[in-house]
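Here you go, one structure.
Every chain is named by a letter (A, B, C and D) in the order it is written, and numbering of its residues begins at 1.
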Amino acid sequence: MKQHFDVIVIGGGIIGCSIAYYLAKEKIDVAVFEAQTIGSKSTSAAAGMLGAHSECNDSKIFLPFARSSQLAYFELNEELKRLSHIDIELKTGGIFKLAYNDDEKIQLASLLSQSTVKWYEPTEIQRKIPNITTDIIGAAYIEDDVSVLPTSVCMAFCKSAQVLGATIHENACVLDIQKIENTFMIHSTNGKFTADNIVIANGVWSTSFFKQLGLNNRLTPVKGECLSVTSEHLTLEHTIFHDHNYIVPRNNGKLVIGATMVQNEWNEKPTLLGIESLIETAKKMLPDMTKMTIESFWGGLRPQTIDQKPYIGKHPDNDNIFFATGHFRNGILLAPETGKMIRDFILKRKIRTEWVEAFKVNR
Amino acid sequence: MKQHFDVIVIGGGIIGCSIAYYLAKEKIDVAVFEAQTIGSKSTSAAAGMLGAHSECNDSKIFLPFARSSQLAYFELNEELKRLSHIDIELKTGGIFKLAYNDDEKIQLASLLSQSTVKWYEPTEIQRKIPNITTDIIGAAYIEDDVSVLPTSVCMAFCKSAQVLGATIHENACVLDIQKIENTFMIHSTNGKFTADNIVIANGVWSTSFFKQLGLNNRLTPVKGECLSVTSEHLTLEHTIFHDHNYIVPRNNGKLVIGATMVQNEWNEKPTLLGIESLIETAKKMLPDMTKMTIESFWGGLRPQTIDQKPYIGKHPDNDNIFFATGHFRNGILLAPETGKMIRDFILKRKIRTEWVEAFKVNR
Amino acid sequence: MKQHFDVIVIGGGIIGCSIAYYLAKEKIDVAVFEAQTIGSKSTSAAAGMLGAHSECNDSKIFLPFARSSQLAYFELNEELKRLSHIDIELKTGGIFKLAYNDDEKIQLASLLSQSTVKWYEPTEIQRKIPNITTDIIGAAYIEDDVSVLPTSVCMAFCKSAQVLGATIHENACVLDIQKIENTFMIHSTNGKFTADNIVIANGVWSTSFFKQLGLNNRLTPVKGECLSVTSEHLTLEHTIFHDHNYIVPRNNGKLVIGATMVQNEWNEKPTLLGIESLIETAKKMLPDMTKMTIESFWGGLRPQTIDQKPYIGKHPDNDNIFFATGHFRNGILLAPETGKMIRDFILKRKIRTEWVEAFKVNR
Amino acid sequence: MKQHFDVIVIGGGIIGCSIAYYLAKEKIDVAVFEAQTIGSKSTSAAAGMLGAHSECNDSKIFLPFARSSQLAYFELNEELKRLSHIDIELKTGGIFKLAYNDDEKIQLASLLSQSTVKWYEPTEIQRKIPNITTDIIGAAYIEDDVSVLPTSVCMAFCKSAQVLGATIHENACVLDIQKIENTFMIHSTNGKFTADNIVIANGVWSTSFFKQLGLNNRLTPVKGECLSVTSEHLTLEHTIFHDHNYIVPRNNGKLVIGATMVQNEWNEKPTLLGIESLIETAKKMLPDMTKMTIESFWGGLRPQTIDQKPYIGKHPDNDNIFFATGHFRNGILLAPETGKMIRDFILKRKIRTEWVEAFKVNR
């Protein structure tokens, strides 16, 4: 078993696997250490909506970053299928961001100023979504905000990285990182390994590594709960979105309703309160949904930073330690560009200054 | 494989298995034909509350019948464990039937007139159930309305019957019943079999057999949806009941919230509407429940007759055809006494006239 | 609610839904009655391998029929996605049909004589499937035997049919069919409905309808059990096949191992014996599979006719009753062409005589 | 929220919950910190066989300890039900430890020398277990080796402890323990808390705490895989045991087949290899089992120490740090006596010297 790597990535969610993929493409010798199984925690709980426009209010820095990441998915679609034989289920159809009143329409103004976003009147929406609520005054339609299946993206990154030479350790909990001269030794449940570079990418569980590595950055969990429903009658082509809630159609015809926002909650399992609020939300957007039957429910923990933007950057005191965590509601959306950015840090390539600044650890 | 039986019972839910058990105890050669697997349909969906008092408003005929059946469980508890090594999980603790206002208290009057039922004031209830809503004005406490685990009761009846000589055919759908001279031939997916007596005991699916046998009795499904929740904090000793809804504690500490009443619905799977109303109901009784995490959800079909009372009796034109179906909300409660009554019909023993009259098929 | 239809199809599996789709495309007013939920029985248990070549030994009649049906999937892929927004997960990659010894190679001769089939030597196979057993002497590679996701195909047929005007009744068990002058009345758990034509398409459960309609054709169940496994390491692009067993890669990277053949068994649930034989089989083909973790297991009932070919045709005595059942191991493969053939019967279009003869009910 | 406790227990499996219960009974102010949910890891994977005799070869020290713990369950049965309303499903019936040949019979000699153990000839065994293999030459029957339902025991300990005043933090991962003067501060995902005493009781995940607290003791995982099967035909009253494998009947009639022993494996999910070996094992003991249908499968990690005996004792350099971990195959069996022993350490009560010596951390 290989003991030394150029890069060890701690965390085998979508962020860690994207990093491994982009590094392996450059023939960097990378290993991923995942405490559980690949993509089994927050990644598996995400709905997979790539809401570059619908989720990002900061249009100067965050939106271009998110947009670039979103576009990367169109290339990845073929690229990952060829390498891993996995289909990431990129689903076009776009998002309708609903406005129930004039205030909400006004809030959509800056979104609507973009060339790729269009306003729809209720009657037009009803042609596209026959079951839509009659309570709306219209919606912003964002064709580019497509969706993917997060577990498949993550597994496709992971297998493609392996095809390109990466090493994956599942069920390998990293207990401790030690700096020994110019290399790092990690002590994991799978044994000891060394690397020239370390990347911390394990979401809300990254806090203890920040601490071990001398930093006080803290991630807090924001639990999200979801429901999956089915019906042989209702067909939905487009994602519907309102106030951080959404109904996302899947490739198999099922609909995912998400997601609650429960601050500072570590329990991943849905509560009665959470499920009730999801039903409330869905009913408001698509009244007919209440007749649909429940398939399953689940929850996951979003890693939240103080300013709700991710940490993607170097350790302030060590050029060989990197962080890629804190992606909050947007881990799936931002995974490709995060992977590229960490790759560029490690290869000492040029990175857009405003992104380096915006996502640096010591901000 | 045995081809002829004294009695063939169609339906391997709790009613059919109880009948088989009581017949096998008398050395009657009985076989059960179940289209799916034992206890897998309505039986498995029931909460198992033995609400002789809480469910029965008719105190003249129905209550004594229900009460007798309820008491039988106390004997069955040991008897079935000895034969089948299965624990039916008889759980004492009783039921609190809540009153939110004076009207509801008045409705409890006849219940409260019984010696086994006692009125509790809110403060007393809070001592017993610390998390109970403060909105009630009191509750009727019925110590005798205990609960059991329906799938275990059904399996215990089934295995005990087998130990005593009964034959069980699972996955054996009965397609057709023919009368050939003095015997009946059934054509099942497991082959052809004959019997001297036939008992129809397959719940809401009995309608087609009534029809085949020349009767127009019709059963309609009333779907019930349930939720199971868990919490390491909340402990509940007693069942809480209000307006056909209940929260039943299980032996393993989980709580079952049930059950909706959806008329004429054949789809067993819970809908969003059903789940929402269960959460609403539970929250009203135990506000803290909304913090509990969901374990699972399910649904089942109650067989409803025109007057909501079961059919337990002979075919009006044939002394060797029996019906035991239509138990609506009370299949678990009434299973033992139904089994005894069919046994007594077949053995031509004396049965209380008022029960024969009340439950006869041609009423 | 609509009471009369041009055509009523009994059975909402992949056969019934395909028929409904092809009829609805021709603006025929069609309704499907499904006793449970769409695609929930045998359809949901199938692996979805479209083995026109690998499954069909009769190259004269059956193979062209199967081949035509297989090719229809390439059109359906886009067509159904556009109408229903469901992806049928058509997965190319083809099948390797393994030969462990010279006898088995000889048995592949007629298959290999086809232009679309190619022989591979072990070293070539190892380049394509690195983990393949070293015990083989080669394999026939059939590029055209692709796979689909059966539940998605079925749901896509169902929803597309609805978009085109079809009516779907789920949880609607048909109890009885009566001929009343020139129309048929069905008595279902959803009520009574009439139609000018009736199609029986409910797989192994069709026997009772043959009987009701005066025919003695009998379908027997051949249970098939399957396992789904996962691994973050192993990647498989091609289906591997040997002696009626196969390992099929899914779009999400999971592998399906199938399927046992248990004659005359109505219980759908996998037994220990079945699971053991699947593991044995898979290990023989891909020795590394034993390290993979199990995701789930399931079973289903293949409808088998006397000669293992389907019944697709008219009632011998009634031009308005049709049968489309008994597809045995090939329901998914043959669904499109079966749908078209029933459509052509109803529309009185010309159908290839050899197919009419081969699949007629009274053969 | 309470910030300071007399004792903080890290780990909410059956060991940690037993400790909390016995401390709470003595009015010690105790809190349990569990990284996931109560009893959700190794505890939930255990079969619950209390094999004091069948599992313990060392009759001098280990057997009396195990025996004492086993007997405690008979008291706990009522005690925990009264406090928590949870039934631990204590199931009598005992264990048959099979001998397939003379060598194996000889190995049972010391066991058979005990007064509570009796030798049975094959014909006697067949009377008790009609489906038993005919390949055995006899079996040792140990009536006292009963079984319990591990998740229910753990939850009953947890809820009873709370009723008696204990605090439970679920989803509270302890990241770090610091000694600050005479108290300990733990840094958890639920915040910072202090305690006068710390107990490490989180099974195979304890290694990192040994390390943090300056010790090199190391626990390695030994994965165990299990299967649950069901049948309406087969009834089993007694546990059957051979060579570390067993078939345990549950109170609901299901049978648990366990368990594999996979050294140094952190992945909890069953592999094909594991499932295959379980079926092999079960078939050897009860040939008819292969007809039974599978209900579910799961795995868990046994915490193994160098000598396969638990660590129950003080930190060699600090009288306020305790360890209770490494219970390997016997966590359920030893939980009560481990709880009492840690209680006695904390209360400075007398403990049997040979137990202190046998289980001390620095041995």
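The rule we apply is simple: a residue touches a chain if its C-beta (ideal position, glycine included) is under 8 Å from a C-beta of that chain, and two chains touch if they have at least 3 such contacts.
For reference, the UniProt names are A, B, C, D = glycine oxidase.
For clarity, every value in this text was computed on a predicted model and none was experimentally measured.
Set against one another, A-C and A-B show the most C-beta pairs in contact at A-C.
Ranked by distance of CA centroids from chain C (glycine oxidase), the top chain is D. Between chain A (glycine oxidase) and chain D (glycine oxidase), the centres computed from C-alpha atoms are 39 Å apart. Per-chain Cα centroids separate chain A (glycine oxidase) from chain C (glycine oxidase) by 37 Å. Centres computed as Cα averages put chain A (glycine oxidase) at a distance of 48 Å from chain B (glycine oxidase). Residues of chain D (glycine oxidase) in contact with at least two other chains: 37, 170, 267, 269.
Remark: chain A (glycine oxidase) residues 227, 229, 267, 269-273, 275-276, 279-280, 282-283, 289-294, 297 touch chain B (glycine oxidase) in the complex.
In the complex of the two chains, the chain C (glycine oxidase) residues touching chain B (glycine oxidase) come out as 37, 170-173, 175-176, 189-190, 205, 207-208, 211, 221, 265-269.
Contacts from chain A (glycine oxidase) toward chain C (glycine oxidase) in the complex involve residues 37-38, 84-87, 89, 91, 93, 149, 151-152, 155-156, 158-159, 162-163, 168, 170, 232-233, 235-237, 249, 251-253.
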